[in-house]
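Across the two complexes that follow, chain A remains constant while its partner is chain B and subsequently chain C.
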Partner chain A sequence: MNSARRLRLRIFRITVFLVMGAFFLVPIGAMFEFSTRGNSLTAPRTLDTWTAIIKVPDLVQAISVSLQLAVITSVAMLALLLPTMVWVRLRLPALRRIIEFICLLPLTVPAIALVVGMVPLYRWIKINVSESILMLAFAYLVLVLPYSYRTLDAGLASIDLKTLTEAARSLGAGWGTVMLRVVVPNMSTAILNACLLSVALVLGEFTFANLLLYENLQVAILYQSFVSAGTSIAVAVAALMFAFVLLLILSFVGRPRERVARAEEAA
Partner chain B sequence: MVSSSSGASSRPSARAGVEVRLEDLKRRYAGVTALDGLSLTLAPGELVALLGPSGCGKTTALRLVAGLEETDGGRVVFGGEDVTNVPANKREIGMVFQAYSLFPHMTAMQNVAFGMQLHRVGVAERRKRASDMLELVGLSPHAHKYAHQLSGGQQQRVALARALAIKPKVLLLDEPLSALDAKVRARLRDEIRRVQLEVGTTTLFVTHDQEEALAIADRVGVMQSGRLEQLGPPMTVYSRPATPFVASFVGLTNRLNGVVRDGAVEVRGTRLPLVQTDATNGPAVALVRPEAVTLAGEGDSTPGPLNGTVIATAFLGATSRVTVDLGDVTVLAQLATSDAAAHPAGTRVRLALRPDPVLIERDEAAPDHG
Partner chain C sequence: MTSAGIPAVKAAARPTGGGRRLRLSWLGVVPFFAYVGVFLLLPTVIIAAGSFAAKDGSLTISNFTSINQPYLVKSFVNGAVVSVVSALAGGFAGALLAYAVVTGSPRGLLRRAVTSASGVLAQFGGVTLAFAFLATLGTTGVVTIFLKDHGIDIFPNGVWLYELSGLTLLYAYFQIPLMVLVFLPALDGIRPQWREATESLGGTTWHYWRYVAGPLLAPSFLGCTLLLFANAFSAYATAQALISQGNLIVPLAISNLLTSETGRAQPGLAKALALSMILIVTIVTVLYAVLQQRSARWLR
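For the complex of A and B:
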C-alpha cells in the first residue's frame, strides 16, 4: 500500500520532470538544430553559423556591451539596495513598506510605458552626459529593482540581522565591516540569486534598448536575423546556454557552508 | 585558584576590572519613559545583576552602556573615561545576547577570533587566545564546529568566550540564559560566574529571573518603571527588601492584614518587628515570606486566628510549599519536605509566624500591586 503510493508519487514526479524538461529543451534543441543545419533535415551539420558570430563585429560588440551592462547593473543594484535595506530594517522599520512599494512599482508599469517616460530623460543624457550605451544601466537598475528587492528581502529575513549586527558592533566592527564580513557572507545565496536575476534580465532585455535607440545583444540579434537567421539563432542559443551555466554555477557555490559542515560531520 | 601557566598571561585578567559608572541615565521612547534617571556604580571586577519585570528598563540600561542606543540624558563612564558619545564599536565592551548571536558562517574558533582580528591582534596571538578562551568555557573539542552544530548552551558559551576574547572593559550579559532549558540554565549560570571571577571583568547582567540574579551577583539591583528600587547584596535584597515592590518581586510573599502599634505590626495575634521602624500606628498589610511561616502542629478544630486547613502542597525537592486556608485568606508556608509530609491536604494545622522583621504596605501610601 505504502510502497505503491510511493511508486505512484515517483512516477508522477518523473512525468512532471520530463514534461517540463521537454517544454524547455525542445525549443532550444530546435534552435540548435536550425542554427547548425538550416531548414533542411537532410543538410549536413555545420557550425558555420556559430563561427560566424565572431565574424560579425556588431554582434561581438553587442555581446560585450550586454555583458558589461549586466555586470554594472548587478553591482549598482547591490550597492544601492543592500545597505539601504539593512539600514531600513535596523533603524527605520516604519519606512519598510514604503521602500517595498517603491521597489515593486516597476513591476506594475508596462515596460513600454516606462520607456516612453524615459525617452526625454535619455535624450538629455545623450546630449549632456554621454552617448555611451552603458548609460542604459540606469534604466536597467529600475527594471531589476522588484526582483532583486524580493530576493534580498527573503535573504535578510532568514538571518537575525539585529542581533548579528549588534554582536559584530560590540566586538569592534564599523558599519563597513558589519556589511562585508557579517551581512554579505550570511546571505550570499540571496545575493547570488539577485545578481543572476539581474544578469538574466539584462541579457534578455529588448524593449528599452530598442526604443531608446541603443544596440544591445537582443537588438543586435534582431538585426542579425535580417542578414543571417542561422547566426542570430546561434547567438540566442549561446545566450541561453550562458544563463544556464550561470544557474549551474549558482547552485554549486550557493551553499558552501552546508557542504563544509556535511563534510565535517562525515569525517 | 592556580590556572595553567600558558593560559594565564593571555587571559583577560591582564586588564581585570575597571569601574563602570552610570550617571542619571534617561531614555524615552515615543513619550514612554523607559529609564528615569538611573545611577549605578559597578566596582572593578564586580558582577551586578539588574533584575525586574519586562519593561522595567533593565535591558534599556544595558543597551545604553553598550552604546547600542543613545541616551536622552546622563553619562556612561568606564574607568574615569566618559564614553557616552563613543559608538558601540569603540567602547571596548563584550556582550552576550539573549538570542543566539554566533556568526553562522564561522566556526566557534573563528567567532572567538573575529573580535581580536578587528582589534588587530596578530595571527599567532589570536589563535592562541581563541583556544585559551574556548578552553576556559570548556569547548575546546568543538572549536571547529559551526553554530548550527552546537547546542544552545554551547552557543552561549562560545558567545561568552567571544565577548571576553577582546579583553573588554565591561562585560554585558543581556538575559543570556533565557533561551535555554532549566537544567542547562543553572549549569551555565554557575559557569558564567566562575569564568567572570577568573577573568575579573566588571560585569552587568540583566535578567528577569530572580533566582539567577540572587545566585551569581555580587549585588542585585531591582528595577521598576525605569528606576532602581533597591541595590544591595542578594541576601539583603531578599531578606530586607527596601520596598513592597522588591518584597513581592523577589521571592514569594504573603500579604497579611495587621495593625502597626509601637514599632511592631500585629498580625493575627503575633507581633512582628518592622523593617520600617518609623512607621506610624494604624492598619497596614504585612509582607511575610513563606519561609517565615511554620506549621506549629495539629490545630484544634476551633477557629483561631492562625488555625486553618492545608489545601495544597507543592513538592519542590528538598522543600515543599504548603498552601493553608485560614478562612478569610490563604497563606503559603515553605517547609522542609519531611515536615510538610506530616500535613497532607485536608489536615488541620496551626501556623506560627517567625518574628523576622517584615515590611508593611499602607493602602493609601502604596496601592496594592496584586
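For the complex of A and C:
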C-alpha cells in the first residue's frame, strides 16, 4: 500500500468515525442535557426530573411490572426452549429445521401485524384467564424467540451434547438431572446471553403493550411525556442505560468462551 | 477426526431405540408446539381468516378492496418512501462505517466497540429514540437552540421533525447500525490479494471498486438494503411516539383502526392491512435471503 493511499484511508476513517460518532452520541447526550434542565433556559442544572421519577406512582408501577415481565419471559423462554432444543437434537433431529423455521418466523412477521391477530386472543384471555398485565409474557415469549433460539443454538453447538447426556444417563441420571446439572452448567454463557437479550427486549417493548391496552414501562414513559417531558426523558435515559449495561455485560461475558473455543480449534 | 466413527455409533444405537421409544419421544416437543400454536400460529390464522371475513362472518374480499382509499394508499406510499430512503441512506452510511471498521485491526478495540454498539443501537427504536431526537432537534432541543444562537434556523419552513423527513432521520439511527451488523461479514470476505492483483495488472483504485470489489459486494449490499427496507417498513413504536396522531404510515393506520374509540374500529380492515404488510415483508425477506446466498459464493 503506497503512502498516499494510506493517508487517504486514514482521513476517510477518521471522518467516518467522527461524523457517525456525532450522529449517534449527540442525541443520547441531548437526552441527558434535556432531563437536567431547570425551569428556564438560564436556570441552573437540576436533577429534579430524576428525583421526580419515584414520585410518580404510575411510573414506579410500570417499572416494577416491566422488570417482572422481563424475569418471567426469560425464565419461560428457558423452560420452553432449552429442553425442546436439547430433545430435538438428541431424539428428533428431523424436526430441527422446522423448529428453527418457527423460531425465526417472528423476525419476518412485523410486531404491528402480529398484534392484530393477538387482540382477539388477549380479549379472550382478559375475560377467561386473568386481567393481569403479566399475561403479556406469553406474547413477549414470541418476540424473544428468534434471538434466544440463535443464542441457545450456538451454545448447544459448542458442546458435545450427545456424549455428555449419554455419559450422564449411563451413570443413572434422570432427564431433570441431565438438564440442570449437565447441560445448563456447560452452556451457562449462552443461557446468560439469551436471558440478557430477552430482558433488554422486554424492557424496550412498546407495540404489544400499547395495542393490547396494557401499561408497561415504555407506554408509561410515553404517557408521562404528556405530563412532564423532563421526567419521561429521565426515565427513558435510565431504562436505556440499564439495557446498555446489560448488553455490555453480554458482550464481555461472551468473550472468554470464544477464546477457549478458538484455542481448541487451533490445537 | 471422529466423524468417521459417528455413523457407526448411530447405526449401532438405532435398533435399541425401537418403535415405541420413537413414538413416545414426540411427547417431548408437545409443549413447544402447543405454545407456538396458540401464540404464533393462531394469531397468524386469525389475521389471515379475519381479513377475508365480513362483519357477519361471510367470505369477502371487501376488506382488501377498501384498502383502496386515498388515506390508506397514501400511508402505504409514505411507508414505502420512508423505508426506501432510510434503507438507502442507512445502507450507504452503514456500508461506509463498516468499511472504516474492516480497514482497521480485525481484533482491535475499535472494531469490538463498534460492533457491540451496533448490536445495541440496531434495537434502539421506539419511545426512547423519539425522545432522543426531540431533545436534540425539537423546537427546544439542544442542537436547535445551539444553531439558533449561531444564526442558523433549521426549521425555516416549519418543524419537519414530526413529518416524513423527520421520521426518516430517526429511522437512520437504527438502520445504520443494522447495516453495519449485516454487511460486515461480506466486507470481511474481501481479500487484500484481489486489490494487489488489480494493482499488479495496472488498475487504479477506481478500477478496483468498479470491476472487482463493487460487483462482488453488490448482491450483498442490495440484499442488506432490502433487509433494512423490511425493518423500516415494520417499525411502529418510533412513529407512534413521535407523531402519535394520523395515518402517516401503515403501522399507524393499523394502530388507529384497532384502537379507534369513536366506534369506527374496523377489525377486518386492520387484518387486511396486517396481512398485506406480512406479505410485503416476507417477499422482501425472501429476496434478501436469495441475494445473501448468491453473494456467499464469493465472499466467504
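Observations on the structure shown:
Everything that follows uses one rule, which is that the second predicted complex is superposed on the first by the 214 of 267 C-alpha atoms of A that agree within 3 Å, B and C clash if a C-alpha of one lies under 4 Å from a C-alpha of the other, contacts with A are read in each partner's own complex, and residues count from 1 in each chain.
Rule of thumb we're sticking to: a contact is a pair of C-beta atoms (placed from the backbone, for glycine too) under 8 Å apart; a residue touches a chain by one contact, two chains touch by 3 or more.
Keep in mind that what you see is a predicted model, and the values were worked out from it rather than measured.
In the superposition on chain A, A:218 makes contact with chain C only, while chain B stays out of contact range. Shared-chain residue A:82: touches no atom of chain B or chain C.
Contact with chain B, but none with chain C, is seen for A:177 once the two complexes are overlaid on the shared chain.
When the two structures are aligned on the shared chain, A:186 is found in touch with chain B, with no touch to chain C. In the superposition on chain A, contact of A:156 is made with neither chain B nor chain C.
Using the contact criterion defined above for the overlaid structures, shared-chain residue A:111 touches chain C, although it does not reach chain B. Taking chain A as the reference chain, the count of touched residues is higher for C when chain B and chain C are set side by side. In the superposition on chain A, A:138 makes contact with chain C only, not with chain B.
Once the two complexes are overlaid on the shared chain, A:65 sits clear of chain B and of chain C alike. Residue overlap on chain A between the chain B contacts of one complex and the chain C contacts of the other is empty.
Of all residues in chain A, those touching chain C in their complex are 5, 9, 12-13, 16-17, 20, 23-24, 26-31, 33-35, 41, 80-81, 83-84, 87-88, 91-92, 95, 99, 102, 105-121, 138-139, 141-142, 145, 200-201, 204, 206-207, 210-211, 213, 218, 221-222, 225, 229, 232-233, 236-237, 239-240, 243-244, 247-248, 251. Considering their complex, residues 159-160, 163-164, 166-174, 177, 181-182, 185-186, 257, 260-261, 264-265 of chain A touch chain B. Chain B meets chain A in the complex at residues 66, 68, 87-90, 92-95, 97, 99-105, 114-115, 118-119, 144-146, 148-149, 159, 162-163, 166, 172. Partner chain A is touched in their complex by these residues of chain C: 25-26, 28-29, 31-32, 35-36, 38-40, 42-47, 50, 93, 96-97, 99-100, 103-104, 110, 112, 116-117, 119-121, 123-129, 131-136, 141-143, 145, 172-173, 176-177, 205, 230, 233-234, 236-237, 240-241, 251, 254-255, 258-259, 267, 270-271, 273-275, 277-278, 281-282, 285.
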